[in-house]
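Labels for the chains are A, B, C and D, by order of writing; each one numbers its residues from 1.
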Amino acid sequence: MELPIRGIIPPVVTPLVNDDELDEQGLNNLLNHIVDGGVHGIFLLGTTGEATSLRYRVRRQLVEKACLIVNKRVPVMVGITDTSFERSVEMAEFCKEVGADMVVIAAPYYFPIAQVEMQRYLEDLVPRLPLPFMLYNMPSHTKIHFTKETVDCAKELGALGIKDSSGDMLYLLSLIDAYKDSPEFSVLTGTEIFLPETILQGGHGAVAGGANIFPRLFVDFYQASLDKDYAKIEFLRRIVMKIYNTIYNVGTFTSRYTVGTKCALGALGICNDYVAHPLRQFEGADHQAMANYVEEIKEMMGKAAFF
Amino acid sequence: MELPIRGIIPPVVTPLVNDDELDEQGLNNLLNHIVDGGVHGIFLLGTTGEATSLRYRVRRQLVEKACLIVNKRVPVMVGITDTSFERSVEMAEFCKEVGADMVVIAAPYYFPIAQVEMQRYLEDLVPRLPLPFMLYNMPSHTKIHFTKETVDCAKELGALGIKDSSGDMLYLLSLIDAYKDSPEFSVLTGTEIFLPETILQGGHGAVAGGANIFPRLFVDFYQASLDKDYAKIEFLRRIVMKIYNTIYNVGTFTSRYTVGTKCALGALGICNDYVAHPLRQFEGADHQAMANYVEEIKEMMGKAAFF
Amino acid sequence: MELPIRGIIPPVVTPLVNDDELDEQGLNNLLNHIVDGGVHGIFLLGTTGEATSLRYRVRRQLVEKACLIVNKRVPVMVGITDTSFERSVEMAEFCKEVGADMVVIAAPYYFPIAQVEMQRYLEDLVPRLPLPFMLYNMPSHTKIHFTKETVDCAKELGALGIKDSSGDMLYLLSLIDAYKDSPEFSVLTGTEIFLPETILQGGHGAVAGGANIFPRLFVDFYQASLDKDYAKIEFLRRIVMKIYNTIYNVGTFTSRYTVGTKCALGALGICNDYVAHPLRQFEGADHQAMANYVEEIKEMMGKAAFF
Amino acid sequence: MELPIRGIIPPVVTPLVNDDELDEQGLNNLLNHIVDGGVHGIFLLGTTGEATSLRYRVRRQLVEKACLIVNKRVPVMVGITDTSFERSVEMAEFCKEVGADMVVIAAPYYFPIAQVEMQRYLEDLVPRLPLPFMLYNMPSHTKIHFTKETVDCAKELGALGIKDSSGDMLYLLSLIDAYKDSPEFSVLTGTEIFLPETILQGGHGAVAGGANIFPRLFVDFYQASLDKDYAKIEFLRRIVMKIYNTIYNVGTFTSRYTVGTKCALGALGICNDYVAHPLRQFEGADHQAMANYVEEIKEMMGKAAFF
């Protein structure tokens, strides 16, 4: 794996038939769709991947099959965080065994823990990991927003970077600034709309949920940022904003990002749109609206000479 | 099981040797200590029981052994909530098999879900349960504070009551008021200091963490409230306040309630004070302070003629 | 003024004709209604009194007229907090001049300040005050929840007590416990439903908004708590809960407590129900509902032999 | 005044000798420093201007003197929000009288109001205003984050734009997107680091607190964004980040932005660094550190050929 980790790394949705069964054909379609779209890595079992909603049997199947399908075309990263420490270790070992390249660590998410508690947790966990790791900041779901001290702690323990999904751009920029002299430590945004700022200020990429649906769009967005091609950045940002205003904007539940992404993939015929409990897929009118949104976005993309 | 569920129901701590191994002798001591103290039921695998930090192998051992030790002397309730729906169902089935009496359902705790999402979740989960159930409101850890509509939904699905750990006394009183005409629906406080108000206004009891350490104190507190013996209530509340100001007040982490409870049990020689990741037991000076606190509280209790 | 300050101290609503004009007849009616109801003091220009919505001309008229009407029958306390320090000092001087007995200090409410900033503020403000003062904890509106250190600071500077409107009963009980050896330092709850606990655990009274409407009810609630007459406490608490579930429960705005209180006073014919910007009085159906609620509560009260 | 409002509009600090007295020489220096720096307007009596900490006598003096000093070189906007509705109206009238160009309306900041309450407030307030107005979203201080519906309401009532200080870049971008077909409606960021995104996606400028200290820096930052000169944007953003990491980063209080800005202006000899209650100026070591920071930033700026 080349360092620093860079580019577009979709947090892959987990195609499901029901809570307990993978949609294997859908997984195959989805991963090929994403990899063919030019992404630089994939991230399995994150929030968008509904990791916490899945039993370990399903999680293991997913990782194993995904590694086979991807077949080393791009690096495979896997979220291993569990509220149980030993479960995380065990999952990391499984990931190593089936050929994943890296694991991703968020905070254990039941107890609201303090920064010092998170640091101790990392100090105990990291020596048990058989694979390189990256940190994942996700305060809305884990109740802890990592301070600089906690990120430093992870870095000293060998973290290859951090994915920040706080949505706080000032924090993201301050991370980039803080680690600008550590060229192998990667700062990735989890808020895809911040991709240009991330790249232009010296960050490394995005864990972009939208790249499940439109991988090429985000790869182009990344390349335009690298090239400082601002006309293109501006044009592409309008399309990404359109995704926010349509696919991510059905209903009022916080879960609409995840559910909307799966629904759009269903509308594209790539995979099943089943969403595991406690979330639920859209129905009826919302379903049809989503199909229209996907068409509108495709049309916006089609207008670009450079696609 | 007699309805409504009433009295003092300790959320039992899980005695551990390490993250992956029960302290079996400690569990035996603890459960006998609690049951001999006169409690009216026990609640396994709640927040105080560190359920989410334990692997299922350990959780199952705990429930199985606890049912054997308790041996039907009091009802056994078990928290089954998991972020995975099927895992919750499976755990409920196991509880039935080994002789537990009831399961307790909180919100799945990773995704911040809406009330309607929680209601749908209950509608799907409850028909799959082989045992009666109670609802558990724990917004600080699950990110959802159940509205009246959600509690109504649970009640219509057959819930035997609700344990409220929001810490919001006005909410608690409004629940009692709302269900005062449903004599079999139990309202229990998870904030032990609110026990007298709960009982005096028509509620049913407390899931009192402090009853792990001093079960008799809380049973007396409950009885005094039932008897409207206010001199005794006032006297006992000062002791309970003392617990808050000492045992629950070491350090500044949110986790100090759970860690302090285990530490006090260790100081009393009842069970091991090991706390699973991501929390950690107290050390050094804190440890000694805890032993002193326990002595001070015992002395306060000794002064009461009625103990 | 006898210390510690005790009993029922209504946060008096400010009867208005419009944003800029007092309803003088209403003020006269209201204050006599309250004082005849047996309250132990009055608190002008608090949150319920819409202090911040009024110009200083109106605030001064209110204090001056209220002192004349009350005519030393009970102590008059006045909220002087402003975002401008000098304005607060000037208002305190005016209060002294027209015969008020005490001033009440909350946190200046625009900047979210730290505990140390609040302590410095008190250190600078208190020496400038010509009257005794009390502290007022109101985190939902001022963005700061006073720590023990801040309350200690106020006490050392001479505060006669604290009114706690945090709604956090555990905090309230911990204040009572912390100052139980300072017999002249008063702890008052701003959450009227907590009155019995406040008194029974050693606190001193309530700044009860509902005492604008039903002063006698709250005075009886206080007396029953002092007398440890628990049958009466329980009975009266049901009536107070009824107020929460009706008068304070119209619509979903946070402002419904204040607006509902004025509306009920209008329904009783005591004063005008005009509410200053940015709040607004209820209209139409809500108005009629309120009249019915008041009747229902009167009927509940009428059923008590002891009224 | 040319529409839409565009460019760099510093929220001017209020130079003070003490809580009650303007530093008139400092005000003169500051305004000339800012206007000579090429800014496109000034905003008096915002959060950075400590409006709420000042008495009306001081606020009026400030506006009157500022209008004289600026002498129509750039438009003068004035924050008029007060918790008292009539006070806001009166201040707007005064602004008109002394020659200000526009008023700025935030939410009244004591009561936590609902969107509908804010909309009603605007409907009543706007017809009373003798000058054009702009909306100001400042949820951290006013407790309300304007929804699209509330911004639409303001726009229909004639608002010339919105200044967003929520710090939420996705919200800011969604505002720009929402009003892209209303060329006279201005969207300004209150988070200065977001200036390039604001401009590049079609927004109009920044109310940049740092432009008090380094007006030319921000004017260049704006121009670089207009020119899509990304090398320059990237270079300048590093300097702005440096301001965040130094001048805005002394101590841990939320107020450090405001206090740091004044302290830096003091270090530059432009105006007095006195900060009104409840905030307080830095002392001793912090003071010296600030002087060093200012020098470091000047040196960074000096390295740019294009300054």
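Convention: contacts are C-beta pairs under 8 Å (C-beta built on N, C-alpha and C of every residue); 3 or more make two chains touch, one makes a residue touch a chain.
Heads up on the chains, UniProt names are A, B, C, D = 4-hydroxy-tetrahydrodipicolinate synthase.
Owing to the predicted nature of the structure, the values given are computational and were not obtained by experimental measurement.
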| item | value |
| --- | --- |
| Least step count from chain B to chain D, where 1 means the two chains touch | 2 |
| Longest centre-to-centre distance from chain D, chain (CA-based) | B |
| Mean-CA-position distance for chain B and chain A (Å) | 36 |
| Whole-Å gap between the CA centroids of chain A and chain C | 51 |
| Chain contact topology (line, ring, star, complete or other) | ring |
| Pairs of chains satisfying the touch condition | A-B, A-D, B-C, C-D |
| Contact set on chain A toward chain D in their complex | 167-170, 173-174, 177, 191, 193-194, 196-197, 200-201, 228, 230-231, 233-234, 237-238, 241, 244-245 |
| Of chain A, residues touching chain B in the complex | 19-20, 47, 52-55, 83-87, 107-114, 116-118, 120-121, 124-125, 140-141, 143, 252-255, 258, 276-280 |
